[in-house]
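Consider the two complexes below, in which subunit A is the common component and subunit B and subunit C are the respective partners.
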Partner chain A sequence: MPGDRAAAVRIRKAIALVNAVADGAGDEDLTPTEIAEAIRDCLELREIEQGSNVRKYLGEALDATSDGMPADFVAMTLYAALGALGESWSED
Partner chain B sequence: MRSAEGRGRTLDEAVDAALIELGESRRNVDVRVISEGPDETLVEVVVIDQATASGAASPTNGKAEAARVLVEGLLKHMGVRAQVTVRTGTDPITLDISGRDLGGLIGWRGETLRALQSVTNVMLGRNLAEGERVIVDVERYRQRREHTVREIALRAARQVKMTGDAITLDAMQAFERRAIHLALQDDPDVGSSSIGEEPDRRVVVGPRKPAST
Partner chain C sequence: MALHRVHGLAGGAKLVTAAMPERLSASLVFMFGGGSRLEDERHAGVSHFIEHLFFKGTRRRPTSKEIADAIEGVGGFINASTDKELTAYWTRVPAEHVELGLDVLIDIVSNSKLAPADVERERSVILEELRMYQDQPQDLVQNLFEEIMWPDHPLGRDIAGTQQSVARLTRDDILEYADEHYRLPNLVIGAAGAFGEGEILEAVRGRLALAAEPDGQPIAMPPEPLRDPRVLMRRRKTEQAHICLGVRAFSYLHPDRYVLDLLNTVLGEGMSSRLFLNIRERLGLAYDVHSFTQKHRDTGLLGVYLGVDPKQAVGAVNAVVAELQNLCDHDLADEELVRAKEFTKGRLRLELESTNGVSFWLAYQELLIGSIKTIEEEVALVDAITAEDVRRVATDVLRAPIQMAVIGPFAKDLPFRTAVGA
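After this line comes the complex of A and B, so read on.
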């Protein structure tokens, strides 16, 4: 579904940002605000249903970013969102 | 500990030369790149001490052993039959997963492997010091990628020196970009920088600008 694919692209973008922080490429000057913006971009997609697990995990990732949790924790939660999105595909 | 040096035109050739001398397979060795030039690569290949690698743990590598046991348990729950060993002589702690048909554990562009590493680090959080991380590798995928992008960087640097024009490489993940920056950091003529946004961030290899006076 095109909507889900757009969501997957945005979630992967957020994951890439978080991983860049965790892996420390040394060519980034990323702030938690930028990561939070990338996660909000995902949440703004209307294709992600209200009350779905995808939205739940994205919300948790946003909270984790705001609370200053380690990058790996945020990444893990975003991977969970990506996994939940995959499950919604397989249910179609 | 048995080791041998290998020389070759490429990294693979150099490693193969050392492996032939040692009579070992790639799975049982650690590779350290001693020098990497346009015409020749020199590596040191060390046979992994299986007793140490599989965690006949000394008290000093308690963290590594904890990480190994954790990943082994995760894989068991996932239904993946594989062997987990601690790579010797590495900082940060690196776990090698080996077995048959582990492509699914690597995933698209290493995504599944990266997710496994994130979960491992979160679960080990309390055992690790601040900023300390555990690297998880499957069939040396990550190590091979780092070697590959280093070769790409050196090739690009040679071309930049010949033409004077900057080269923009394909989009890469953070650990790959880091490997390129490290490979070129001591080159007096060629430098690297990154452009674009994740996940399309790319490294540009170009002539180093003379320092302004």
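After this line comes the complex of A and C, so read on.
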């Protein structure tokens, strides 16, 4: 099942963290460092090479997090990575 | 549709008529070659300015109210539009008032006062119109898209001009431009409806008080080729992201223009198109997603518009790019090809159901293409298209570098550039 793939699971987890920040309803202790760690977890998987631009989008999301870009922007880039992996948007 | 006839008029103007005796209306359009493509940067918007001013009053009908009353007094409609390569003035009236319709249109294009006070009043109106577009991201993104499709070229500018150019235009500029371009060799009159052909010819002959010499100004140079994909972004705090992306495509003179139109139908026209079914219905990414073409004398474009949740914007762009690639990689199924052909032919027939549609269709072809195809000829061209033709044209057009305009609450354009390889 494509939805069971580890990379998709990890990207969805990162999206959930970012969305929690974007919606203002997340854990107060959630920091950019934790989001960056979640994205790095995704980058460690070889599976991300299966989709064109997945690594690039994840790298951009990581840079955006480090640069203090708005959470919505980071989320958009992660959604793009998920889509580039061939995963649906609706399972997040 | 009724058979059309082309009549040469004194001075080089042309009249194209289509008698539709079963109708109750008559439609007339005065179509002038020109439009915003002829303008340099300083005069940007002058064609559109003149179009507005022609409704402000003539020597015989000194106010805009008298012009409107003449037509609306018999229940008719009158309006005008400026495009990049033409400007059109039109009216649709009950058939028994066709001579009145002609009289009013002749009056406004050849006897307008262009009074100094009207110029100043209309300048304020147009400046407000330009400000209005700034607040309408769907319109603004289209303008940005055209800017990136035809950079540093009149085709890439807003037809209405810029705040700066409209503020600077003088009445002398306007008079000079009108005198140069509102000339008989630049005019095609389209007429369709329930009237006698002789009646129209008689009503037009000798009454067009416009210069007969050609203006001598060639249409602007073709735009430079686009070498690389590019993204033009405007950061705005909008609830939706508004995106236009596309590629250079064919002119209205290109032999494959019908194939391109069919490809556009398959891609993004209507609720049974690929973009609608995949991007909206299956993925739920956009409320409005559609494709479109624009055709000019020596260039054109195939574009896609989408209004999406900002978080899904890049993902949606990737999905659109995948649809474009799919058109290059696979032949259309027979069923989809047949459906697209029937859609195209049906829309053409519906467009030509009204006298207004017929008058525009005839005048447009005669003015810009120089010859007129009948509806049967157009239908035969559509019927002849094969799945291989569509794939060939897709491969030809869609290998061009993608240009994209984006409006939304985005901090950077980098993910968008990645999506189109810019």
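The rule is short, and it goes like this: the second predicted complex is superposed on the first by the 76 of 92 C-alpha atoms of A that agree within 3 Å, B and C clash if a C-alpha of one lies under 4 Å from a C-alpha of the other, contacts with A are read in each partner's own complex, and residues count from 1 in each chain.
One rule holds for everything that comes next: a residue touches a chain if its C-beta (ideal position, glycine included) is under 8 Å from a C-beta of that chain, and two chains touch if they have at least 3 such contacts.
Since this is a predicted model, take the numbers as computed values, not measurements.
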First (subunit B), second (subunit C), both or neither touched by A:A75: both
First, second, both or neither for A:A64, with subunit B first and subunit C second: second
Touching partner for A:A20 - first (subunit B), second (subunit C), both, neither: first
Contacts of A:A84 with subunit B and subunit C, given as first, second, both or neither: second
Partner chain in contact with A:N53 - subunit B first, subunit C second, else both or neither: second
Common interface residues of subunit A - those touching subunit B in one complex and subunit C in the other: 22, 70, 72-73, 75-76, 79
Residues on subunit C engaged by subunit A in the complex (per definition of touch): 283-285, 310-315, 318-319, 409-412, 414-415, 418-419
Complex contact set, residues of subunit A against subunit C: 22, 53, 56-57, 60, 64, 69-70, 72-73, 75-77, 79-80, 82-84, 88-90
Contacting residues of subunit A [partner subunit B, same complex]: 12-13, 16-17, 19-20, 22-28, 70, 72-73, 75-76, 79
Subunit B to subunit A touching residues, read off their complex: 114-115, 117-119, 121-122, 125, 133, 173-175, 177-178, 181, 193-194, 197-199, 201, 203
